[in-house]
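Each chain gets a letter, A, B, C and D, in the order it is written, and its residues are counted from 1.
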Amino acid sequence: MHLPDGIVPVEMALAGYGASAALAALALARVKALPDPQAEIPRVAMLTTVFFAASLVAVPVPPVSVHLMLGGLMGVMLGWFSVPAILVGLFLQAVLFGHGGITTLGLNGMIFCLPALMAFGLWQLAGRRWPDLVALAAGSGAVLMALAIFAAIVLVGLPVVVDAGAERVALSIFLIAHLPLAMAEGVIVMTLLRVLRRVEPRLLPHG
Amino acid sequence: MNVLALHKLSVGHPGHPPVLSGLSMQMRAGEHVGLVGPNGAGKTSLFHTIAAVLPAQAGSAEVRGRAVRAGHFDTDIALVFQQAEDQLFCPTLFEDVAFGPRNMGLPEPEVQARVAQALAACGLTGLEDRPVHHLSGGEKRRACIAGALVMQPALMLLDEPSAALDLRNRRRLIALLAGMDQALLIASHDLELVLELCPRVVLIDEGRICADGPARAVLGDTALMAAHGQEVPHSLTPHDGTGHRHVRSFP
Amino acid sequence: MADAALNPRARLVIALMLAFGIAAVRGVAVLPVLVALPVLVALAAGQARHILRRLRGAALLALGVVVTLTLISGETVLAQIGPVALRLQGLEAGMLIALRLLSIVAVTLALLAPLSPFQLVAGLRGMGVPALMADLALLTLRYLDELAAELRRARLARRLRGGRTGWRALPDHAFLLATALIRAQARAERLWSAMRLRGYGSGLAVDLAPMRVTDWGAVTAAIIAALALVMLDRAL
Amino acid sequence: MNVLALHKLSVGHPGHPPVLSGLSMQMRAGEHVGLVGPNGAGKTSLFHTIAAVLPAQAGSAEVRGRAVRAGHFDTDIALVFQQAEDQLFCPTLFEDVAFGPRNMGLPEPEVQARVAQALAACGLTGLEDRPVHHLSGGEKRRACIAGALVMQPALMLLDEPSAALDLRNRRRLIALLAGMDQALLIASHDLELVLELCPRVVLIDEGRICADGPARAVLGDTALMAAHGQEVPHSLTPHDGTGHRHVRSFP
């Protein structure tokens, strides 16, 4: 569910860049405050790879395409690291596969990073007490939140000639098409965290 | 009936020239055969072709009379990979070894019994709940062998089974394999092990079978072995126990 | 060809400039320029065939936009086919979006797809992207093979031991994905140690090639082209 | 000066009890030491601790007088991993071997020269442009060794260097390592190799150093070796060349 190039006005794209840069600066500052950020790099990179590759198995459903987003997974597993990871993943997708967009990189960054941070917060709050439930909620919730941000951007950004009613119908179809995805992502995050808890608790966000 | 029959088989990787070509050989049920040859001779590639992982480039391979088709896997064959990590994929050791029997649809008590037996045979009892990626090199190797054993296949392909094993476990493995009545094809650079386990040895090099015969004749043939970058095993050369021996020079 | 040797940093800057220039286009009058620009860049970069092949996904998307907008928006009905009306304003808006999209993707691919991962990452570093993110980009590309191999291995090992196929394997697959990821992470840690043990510090070992006169020239030309495009668009 | 000094070092994996504890030993510059012990004794874990991959659980390790801190890597130490695949990460063999020297900031002609030399020493000349995942098992192992050699480190840690090597390459490796004036610590189950290369041997088992002394004394001590699941190497036991030998029985 990437926002492609050319759809929204250039002012919005620039604003997106500004917002993502600010978020990245904040996240990098948080990350630098960690005891040994270098030691985390291989894990972060491997998850970035997963994020990057997930969008390659895409089914085009014009004017967008449905594929795994994994924002919730990134947030729960990586915390603040998810912001640089997602931005790098999005950049590579845009440059190497023309997937997403180079001008909309900032906006896409917001669509993916904010839900990831939401999932991270959720996990921080209650992950220890109800791991399965929270994992499910974080995975699904991130998809829903991303959908909401995406819809908001498209509503604001589409040219005025487009009939508002028709626009809403199109968006609803698009949102409904993504509901199974939200379910699937919840299950994925839950399964992964379960296996992790059993065999490699060291990699869990909460030790 | 032959458990394995190769007819003019060519082995290779897609998009590359064949590694081995025109291989023909048979193995009888229960026969133990050693496969030796220098690095890069094509032992692993041959195993992958027999196990239907790699398509044959020409000719055919038959297991128990059925032609092998790449991608159609057969639980009559078990392959122990050269790289142990390629083979272990479940979270814990127990689950990994139990995976095969469970898929064969065996009832759970039988699965448990078979797994316990395979783990004991490989000296892994007590490590059941270990995550597989937390095992030491030798433990991983034995886990792979246990995973193959537990399937009770008609033909086992063992690629470097003794690599990474300590001597006690190597000896235990030899005892275990020697007592098996299934057919074994063992690729190894550990010629002592081949000598102890396999009455018959096949030597491959330069893309073909260079020798196929009684182990003692093939492995003891100094000229043949030297020509293919091998050495006659220690136990076939007399020496005096001082640690000094006749070092041959190689190109 | 002079272009083939363009500095990675210059390529990134040019791609961004042109992309934003194209994204700023509002009127249909300069649409021919939107077609001409990527064609020119692609020819200059000697990448035409390559790009066409990769453009398929974007083309589908663009087509979708045109069709949808033509069907749902605008007052002026161009043609009526049964219950379906094709509308002018929708078609115009759709064409604009579609062409902007295609031409940005084509320009980006033409300029950046030929770069090796190392060059791409060196270019990022040169543009002031933080070291951490540049490292991440490099490792991500490196681990792509590793992850694919890990998944392939796990699937193969599973099949060899009689793993089921078809829809019955679905739960197995979710599980496989999880364990493959865990193992891939463990391997990633070892690979990272191997790299660090061989002297990989923070930051890249590849030199940033200095910007030469041709690089500066190309960047200036791109900036002028982008500005001209926007001004032309606003003037017409 | 000692190239390596361990003081009461405890080695283990985070969240697990220590694998080895209270290790103390020194290695002089240029010394070749063999490290032997059964599967799971902790050889690999010890190597990882010395190479700063794994944090020490207690005590300390010093390389050339500098304390080792986990995560702070030092190009004075080169580690050849037990699993070859953990170590190769560049697209082609040439790039992989050149990775270290390039990181050290050497000028390109020197990099080229060093890489060519290391590849030649490992018998890999001609495979420069091969993708590393298209190499055979033995070729991968030698690629790892080349990648370590090319760094010209003061201390090389070799974890099972001869696993997956055919006899010609094993012999070539022995010749290569024997001629090196850097310090080597070699973990191996290939006791013949240890015997040929290392005047001194350290035996670890049950979490501690069980013996540390001249190779011939340690490896030739039948009782000691049997007690730790090892066997006295062939070349230290007299036999008659018929292939029959005194098989000891083990627990």
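Here, contacts are C-beta pairs under 8 Å (C-beta built on N, C-alpha and C of every residue); 3 or more make two chains touch, one makes a residue touch a chain.
Owing to the predicted nature of the structure, the values given are computational and were not obtained by experimental measurement.
Note on interfaces C-D and A-C: more C-beta pairs are in contact across A-C. Here the CA centre of chain A is 46 Å from the CA centre of chain B. Work out the mean CA point of chain A and of chain C, and you get 18 Å between them. Between the Cα centres of chain B and chain D there is a gap of 25 Å. Residue positions of chain C touching 2 or more other chains, listed in rising order: 142, 179, 182, 186, 191.
Contact of a single residue of chain A with at least two other chains is seen at positions 38, 195, 199-200.
Contact of a single residue of chain B with at least two other chains is seen at positions 85, 91.
Taken together, the touching pairs cover every possible pairing of the chains. Chain D makes touch with chain B in their complex at residues 13, 37-40, 44, 82-85, 134, 136-139, 142, 159-160, 163-172, 189, 191-192, 195, 216, 229-231, 233-241, 243-245, 247, 250. Residue ranges of chain A in contact with chain C, taken from their complex: 4-7, 9-10, 13-14, 24, 28, 31, 37-38, 41-50, 52-53, 58, 60, 62-65, 84-85, 87-89, 91-92, 94-99, 101-103, 159, 161-163, 166-167, 169-170, 187-188, 191-192, 194-196, 199-200, 203. Considering their complex, residues 142, 145, 149, 187, 190-191, 193-201, 205 of chain C touch chain D. Taken in their complex, chain C has these residues touching chain B: 153-154, 156-164, 176, 179-180, 182-183, 186. Contacts from chain B toward chain A in the complex involve residues 91-92, 131.
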